[in-house]
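Same chain, two partners: subunit A is paired with subunit B first, then with subunit C.
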Partner chain A sequence: MDLLDFARGPALTTALSVFAFGVAWRLVSLWLLPWARDPSARREGARPAWIGAVRGFARHLWPRKPFARAAMVTTVNGYVMHFGLAIVFFGLAQHILFLRGLFGLAWPNLPSGLISGVAVVTLGSLALALARRLTDPVLRLISTFNDYFSWLVTFLPIATGLLAVSHLGAPYPTLLAVHLLSVSLLLIWFPFGKLMHSFLIFVTRGETGITYNRRGVVL
Partner chain B sequence: MSTSIDLKAATRTFLAQTEGHLATYLEGCVHCGACADACHFYVASGDPRHTPAYKLFPIAKAHRSHKFPFGWFGFARPIGERDLREWEELLFDTCTMCGRCTMICPMAIDIAAIVAGARRAFVAAGLGPPDLLAAADSSRDHGSPLGVTADKLRERIEWIADDNGVTIPLDAPKADVLLTLSSVETMKYPKSVAAMAKLLNHAGVSWTLSTKGYEATNFGYLAGKGDIAKTMVERIVTAAGSVGAKTVVIPECGHAYGVLRWSAAAMLGRPLPFQVLHISEFLARLKRDGKLRLTPFDEPMTYHDPCQVSRRGGATADARDVLSGFARNFREMTPTGDENWCCGGGGGVQAIERAAPLRHQVFKLKMDQVERTGAKTMVSACSNCRLTMDESKAHWQWQGGIDSLVEIVADHLVEAPRQSR
Partner chain C sequence: MTDERTIGELLAQRGISRRALLKYGAYLGALMALPPWQARALAEGLANARRQSVIWLSFQECTGCTESLTRSFTPTIEHLIFDLISLDYHETLQAASGFAAEAARLSAMRANAGKYVVVVDGSVPIKDGGVYATIAGKTNLEILRETTAQALAVISVGTCASFGGIPHADPNPTGAVPVSEIITDKPLINISGCPPIPEAMAGTIAYLITFGKLPDLDELKRPKSFFGETIHDRCYRRPFYDKGLFAKSFDDEGARRGWCLYELGCKGPVTYNACPTVKWNGGVSFPIQSGHGCLGCSEPNFWDKGGFYHPLSTSTGSLGKSVGAAAAIGIGTGVAAAMVARHRRNKASRGE
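Right after this comes the complex of A and B.
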């Protein structure tokens, strides 16, 4: 078994299993905790809880006016990075083939040149996020191993993927194997670090939306 | 540094707080640091340690150290004495639980709720600012944080009634409305007590104060002493029950409203047997019902939103309903309403003497806000905000006026007050 076989086979299979079970465990472990009930009287006229959850989610999609200036770099860079990741992951023909193999679903791909451009922008966005984390006094103070390692495992698949499609630095099979191994690393780390925010964001925003809606706070 | 710290008690209490809501919040933080710019303490001091997300580190650490897999296999260290000593000041002195950080947080994490839970763990460990803890103990032992016993209350009420020529029913056998007081008002702003009495009498409300439960503030909650918090709530429940009140009115105190309106039922484990209204909500209802007849207030003024009434209470519109058409020269601050800057003294911080220099720095934000409106007076519906701001006003020798909503409204009543039923 060569490196590519290992990356495509046992490594990816194991990583996908860890990802699936890990994410399920993280969510179930939270769900199984006792959840405090709120017996306070809802404000008269408060909308149903699900509307509060949806509004709570929507309210935090963009910073309010007083915070716009302070949060602008974080927000815009965050959107660039997340949309970049999504476009690269769901738009590249090879990724769609891989996903079709897993789920049986397929959709039209985007041009590879465009994907490469988006990947470069995404890498730039990740670089900016890291630079801020290393230089901003607040971010430096609150950053932990989780933050830096999560950054690394997000950066590597984009960087190695870009090298693979560009055939730069090594034979293609090697580049592809390294790319797949970096994806495996991402998948294995995902449930244990802060990348779980991809799922938890729906819970936290929803929770706060429900609480504030109950109180009659305009969301 | 000689105080012994009970790490086990702290950890146990931390973990007891991390039910589903808080655990999800703790696990959801992405350490983006956005919350710093929403926090008045960070903005005033520039100290990164005042970043709200940083204040959650000990409780997050305790949670992590007991969670699979890192905690189980020893990769996540438990909290230590250093964590608790370093964070005590951050959790008590530099957080008013105003909730402004939640507004900017991309994950919408309710940091104030976590701070409230974390404070309980610090107190369980034997930590916490002595003056704040003493205020809580005084509430339990004497009835109020400022030592207003039932006898002292009778004395003060009699004096306030005489001094202001107003009827103040105390321990009436039956009443529709139980009015509660903040001891800040009873002792430092007696005119506010007289103003509320004038307004309720004017509107013909059946109301009373009760020596069985009169203190609206809940320093048990603010100091992380759950047993005292519950005792304070139970006193009000008993008082309301004894007079048959269907409504309990919270005076000008933001946290008193937040605790009784939104947290008290959870403390008791059952819904409260009455509705809870902040005085600004109650006045807005009276005005809507045509029970307040007012002459206009023409002085240029602005309104400071108490965080627990507006941002976290949902009653932002009520004070404005009261001011609408009455305060003809009302100017909003920028930002205002739910987005307003906190006074810097909520969440018990006002009672912490060592926090005074930082509070004064925070007040600069407010001075700037008010001056930009051109208003001569800043009115608030929270005596704790008012006290915090009055102290800082004196510190900076600021010339702006600070007043109370109930007082300006009571000063502009049209006709002679009716007698309460």
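Right after this comes the complex of A and C.
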């Protein structure tokens, strides 16, 4: 078994299994935790909870005026990075084929040249995010291993994907194997680190919205 | 058995001019991308060389490799290889049979000790003492050891001899192994492919005869001149790959327009071979040109890489079961963790 066989077979199987285990474990255990009852009385004119949740989520999509200047670069860069990741992962034909193998669903792919461009921008935006983390004194103080490692496992698939496309640095089978191994690393780390926010962000922001709504805060 | 005439003289007797031989040598040199002076040396050297004594051993194989060499459309070229070599033993091609055939092998070995080349097609079964393939009462393993003991070099022809091939495919009932796993103390060349490209065999043998040394080999011991690049590196459909234009079935609009066959399972990106440049049947075509993806036949274990029609970017593991089981265990663990948390809270709130 060569490196590529290992990456396509045992590595991805293990990584996807760990991912499925971890995500299921965290979501179910959080969901079943005893819910703290909100002691505050439900305010007059509060909307149904689900509307509160949707509003809570929508409101947090963009910073409020007073914070706009301070938060603008982080916000915009965050969008660039997240949309970039999504376009690359869901738009490249090779990725769609992988997902079709998993879920049986497929959709039209984007031109590969476009994906390469988006990938380069995404890489730049990740670099900028790291630079901010390292230079902003407050951000630096509150950053832990979790933050840096989550950054790294996101960075690697894009970097190695670009290397594979450009056939740089090693024979192609090795480059492809390294790309798949980097994705395996991402999948394994995902449920246990900060990347889990991809799921939890909907819960946390929704919950915040529900609490505000109940207490009469208009978002 | 040992013929002192040069290849040029022998061919001249058969009405093949020196000029034709030089052209053929130049052709092989060009295929191998030899520098001009070396290509010329190859052509000249061929004419003046003595025929190389070759003992050809066939083990667990389908005879496709021999077919590839002998049944091509341009007999002048591939038949020439038989003029380059003195084929002293080849079960499929020799007239002799039984004891006479074995005697021919042994006498060739004696007459050319230390100078003959052993060509092997087919893998060697070693399970249960190698009983799964025997010739004249001897196992393939014994014959291989005995025949190569005094050989100058060994050439494994085809993926079975080079990497185990189809007999070696899961579950490998006969314990088939490649020649290189048994013969470790001789110069060895693998010319893989299922079957290998005839020109790759001819070119390598011609090189060996004229220069008296092995050509440059890659880490799988394949001549770099034929196996230095992937199918994908030289594929004429590559521009479509780079644009992301893929045929979705063998007869859709994309297929008719000649788009890339990646989605239909092409393994060209990870397969090192010369098909797109040398092509088959005297340069007529190659599989991708005929509309089918590359199977990856010149690579180890090509039979067990998740299926010929599964795209390269798909996982080869049996995901459904393990991922499903992992998710179920995750849900169970989640429920248990939450129960423990509730239990603790209740205990705490009861003030225990």
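Here is the rule we go by: the second predicted complex is superposed on the first by the 217 of 219 C-alpha atoms of A that agree within 3 Å, B and C clash if a C-alpha of one lies under 4 Å from a C-alpha of the other, contacts with A are read in each partner's own complex, and residues count from 1 in each chain.
As a working rule, a residue touches a chain if its C-beta (ideal position, glycine included) is under 8 Å from a C-beta of that chain, and two chains touch if they have at least 3 such contacts.
Worth saying up front: this structure is predicted, and the values here are computed from it rather than measured.
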item: Superposition on subunit A - do subunit B and subunit C clash or fit; value: fit
item: Touching partner for A:134 - first (subunit B), second (subunit C), both, neither; value: neither
item: Touching partner for A:71 - first (subunit B), second (subunit C), both, neither; value: first
item: Subunit B versus subunit C as contact partner of A:217, first or second or both or neither; value: first
item: Which superposed partner A:5 touches (first subunit B, second subunit C, both, neither); value: second
item: Which of subunit B and subunit C A:34 touches, first, second, both or neither; value: both
item: Most subunit A residues touched (candidates subunit B, subunit C); value: B
item: Touching partner for A:142 - first (subunit B), second (subunit C), both, neither; value: first
item: Contacts of A:92 with subunit B and subunit C, given as first, second, both or neither; value: second
item: Distance in angstrom between the closest Cα atoms of subunit C and subunit B, superposition on A; value: 7
item: Shared subunit A surface residues [contacts with subunit B and with subunit C]; value: 25-26, 29-31, 33-34
item: Of subunit A, residues touching subunit B in the complex; value: 25-26, 29-31, 33-41, 43, 56-57, 59-60, 63-67, 70-71, 74-75, 78, 136-144, 146-147, 192, 194, 196-197, 200-201, 203-205, 207-209, 211-212, 215-218
item: Touch list for subunit A against partner subunit C, complex; value: 1-2, 4-5, 8-10, 12-13, 16-18, 20-34, 92-95, 97-98, 100-102, 109-113, 115, 172-173, 176
item: Complex contact set, residues of subunit B against subunit A; value: 18-21, 23-25, 27-34, 36-38, 42, 48-49, 51, 53-54, 57, 67-70, 102-110, 261-266, 268-272, 275-276, 311-316, 334-335, 338-339
item: Subunit A partner contacts - residues on subunit C that touch it in the complex; value: 230, 232, 241-244, 246, 262-263, 269-270, 300-301, 305-306, 310-319, 322-331, 333-335, 337-339, 341-342, 345
